[in-house]
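First up is the structure itself, then whatever we jot down about it.
All chains are identified by letter, namely A, B and C, in their written order; residue positions are counted from 1 within each chain.
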């Protein structure tokens, strides 16, 4: 059953280019949206009851014969699956209107589906090499999607992204090779068991460093973030949303967290490095965002800053810190995708991304302006929206872990965030309407619907966050809290 | 009472806010009707709550001691009534004053959201929900100020930054308090401010007095007076923020911390209070615009409340709290009267106004009663509460604070004589020839507030016994006298006589100054505000007549200018220049570093790897 | 021989990194990965070399070189239809070559040590099925990328054209 998460998007991606010959728009739109909805429902309705009693490993079957494919599903991977499905559903709805002027919609959806299949596969993997392979699969699809507009800027950004990703792949592969050499296996269980018996803490430290650099590149942590401010703004808006909201988290944060917490086990040294990197990312990202005039570039830097919060929360390693980090991951997926979709709506209507050329757009694009205000307030951590709670949890966790300096810095970072989002709102939406945009219209139906959906989710998540924490986050955090016990449990399979 | 009922004062305004947000702009009558009726219901709820037994409501929230806890008891019942009453009056007033505003939907929405947040802050019994509601007020304040129009955005940001700073201090204070006491339940906390808890006290004090608009956190209020809608001014800085800020200050001084008479925290609070009284009233005196003058008084009066609570003497605390509620009444009344004048005459500049008493008798009556109350004229409420503060500060033994308070009283009365005189009396201004009285939804709130000022003065035992004494009941030392009604209106004691003398002095000053100005150029209103100032110095510095006259003016002027330039503006500049400048500098450096060169980025990556591996290695050792 | 290959690899990698011209950079990358593939062959890791050659040097790099070349001259897309024929031909040839070589190689290579007996292809199928799905997906993504970036319709409303 779990294999459906990978094979459905992959098969549909194979079919779409052919179907695209029959119907340029209608069929691809319909099928892609239906597939995303299916995955979303699947993750909520079918997958959630499976893990009621803890994590499971499921074997895939091929016409009744067992295949050598073992998929790992526990609270953490389910949480990620749900996040991926939710954002990709919203993004697909948005693409119905937005991608019309790019052409080749069927191909676009196919690439998007491959990327989602790659991310789902990564999340369900139970061994290091699988993670690497699916990382590459999602990454290759994303290179193409970044360059989808085919302008010079897009290609350059995509190429830079590819080049730095190659470096990341090299680091990750090297580390996997070293671990394989030491433990003779790559599955989580074998590696965890092997490392437990061997006394090789320095080698593990070097491997951790390599993983941190490799996955840090994917997650765009400072100082490995440099590709992101080019790649994310260049992509079409729904793809920017997808990359910032989900891809960097799945291929960076998820992989890193899974390996560090469940396979290697979190050491105080790693905690220190992770939290410091988190705080540095928060500040570099936020301060760089402050000076941007390109709205999508500002959002891209903001992603770096917010990923910093996620890593900071997870890096603390205490139960509350993990919950805060995961909650922020989910929230950031919601509001950052929303912000990129807003930016896309503005770009489509006005043809510019320069903040100083906008102004007063709230009057002509009320829905976009309102949803963007919700997302901005949320990301800046204004109560009672969701972003406030996750940041609060992280800060409380920091205080409990006696990291008072980091707690103060996290609060300060949040103030800077509020600052540049107020700047964004003021330039883009408030104030006097720029003469040039008198004739601008509100975004079309599906784009608006998708933005409203995400904005509502931001508000609702903020209001009912105790429910969100108990039903989705607690199981995920429990898995991470168990440390390497999770991996050791699966040795028998 | 059912504990869940405690949610009603929060949810009811919230529903009204939602209603207003969702109702399309075209529908007009319905919004006003529902708003007024809803606000009336809110008043009913608050009144129904009054006198109930202490009630707790707890909803599990985040765990770790962070629960959604509410508590209804004497003090919060009292503030709730005041809060709902003001919401009702302002709503009524807004039906006419804000009619036709393009952002009417947001206006009512944010207005009720403010009420909901304020109700939550008053009822909260856990520090985390308290912060939640407290921060929420910051947002609605920002939104409400921006409704004022184009120029208001700057002011709104300023209010937001200053408020944000104060709230940040408060959160820090709460964090320290939490780490020291181990609990977040407000009703469980009671510590003596020493060492770290003293730091926490000061930080939370900044949060509370910042909300109340004390010096040096007041600079946005005079700006907002010009930019924001006058109804917003009457509601938030004049009434609501004082209620909340002083409520919080009283909670801090009475419940969370045990403030002792003449301890260091008490003296700090009294000093800030006295400075606020004197400095702000000096600023108020030279204002030429009615709304600005009122807003500086709104700052100055906070000083009395802080001084009263800071004394830590029962009569002083009671006076401070009583002054808070009195101030909310007369200052809202004054702002609403100013709004009424502005709507009819088109301006609030004192120079252009004059002789409106005949044309606008009701507004004038309301203004005069409220002005008399703020000046502390017997037997109005302002007299009673100010007397109590004077007594309280006198009891501490630091007479200097009492003298500062008296000085404030003189200048307050003088400036209101000037304001009332130039708006409602004297010859009619040429530009305001065809002024009529405002409609009844505008005059009724003004008159109701004026009536309350009289009621609370003459029948002061009503509020004192009903509201104030229950608050102090648990805190005064056993056997200590907490019934203040006996000497509330007494005039034959040295302190009351001195206060009366101060008022006479102020009147004399005004009269003299008025004549002075008349001799020079009767129509020019400029000298009017200088003359009383001169007179202050003149009588104060022992009756030298004409030679000191010009000098006195210069001195007061330069003092005012000095205060403005070297106290008022630098505080302002700090917020605007230093904070913003530092951010820009960092951003510039980062921008320069991201130069788009792949080699550069690769170098960071490799460098980062090396540093990380080194760090892990070093930490493992 | 080793030294020569390594120097070549490093030199072209550095060129790829330092070159400001995208086209030169992409070509250098291709050449560098060919050198890397040669190193792999030389060290006996034949299948790794083939993967390197086919996926990195072949697919992705050619994709970029062509895409960049097409958008040079201020983003003016080359008018000639030649690329429509040339590229698919090139790609087809590469794919055929790839399949042939791989089939031959996979049958010959002994299995990875420690992973049980059997040929590489058996190991791949029996032990690493999930990886295979991923590999297929990755190659699939590459194919789709080619289809998407070399589509015929001109992007309208695109500010970069």
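Simple rule for what comes next: contacts are C-beta pairs under 8 Å (C-beta built on N, C-alpha and C of every residue); 3 or more make two chains touch, one makes a residue touch a chain.
Predicted, not measured: the structure shown is a model, and the values here were computed from it.
Chain-level centrality, scored on Cα centres against the all-protein Cα centre, points to A. In this assembly, the chain whose C-alpha centre lies farthest from chain B is C.
Here the CA centre of chain A is 27 Å from the CA centre of chain C. With centres defined as mean CA coordinates, chain C is found 70 Å away from chain B. Rounded to whole angstrom, the centroid-to-centroid distance between chain A and chain B, based on C-alpha atoms, equals 45 Å. Among the residues of chain B, those touching two or more other chains are numbered 598, 602. Residue positions 163 of chain A are each in touch with at least two other chains.
Each of residues 17, 25 in chain C touches at least two other chains.
Chain B contributes residues 60-62, 64, 66, 132, 135-136, 139, 146, 150, 153, 157, 164, 168, 171, 175, 179, 583-584, 586-588, 590-591, 594, 596, 598, 600-602, 604-605, 607-609, 612-613, 615-617, 619-620 to its touches with chain A in the complex. The part of chain A that touches chain B in the complex is made up of residues 160, 163-164, 167, 171, 201-202, 205-206, 208-210, 212-213, 216-217, 223-224, 226-227, 229-230, 267-270, 272-273, 277, 284, 287-288, 290-291, 320, 377, 382-384, 393, 396, 399-400, 411, 415-416, 418-419, 422, 426, 430-432, 466, 469.
Taken in their complex, chain C has these residues touching chain A: 16-17, 22, 25-26, 29, 56, 60, 64, 67-68, 71, 75, 114, 125-131, 133-138, 140-142, 144-145, 147-149, 151, 153-161. Chain A makes touch with chain C in their complex at residues 6-7, 10, 13-14, 17, 67-71, 101-104, 107-108, 110-111, 114-115, 117-118, 121, 125, 127, 129-130, 133-134, 136-137, 140-141, 143-144, 147-156, 158-159, 162-163, 166, 184, 351.
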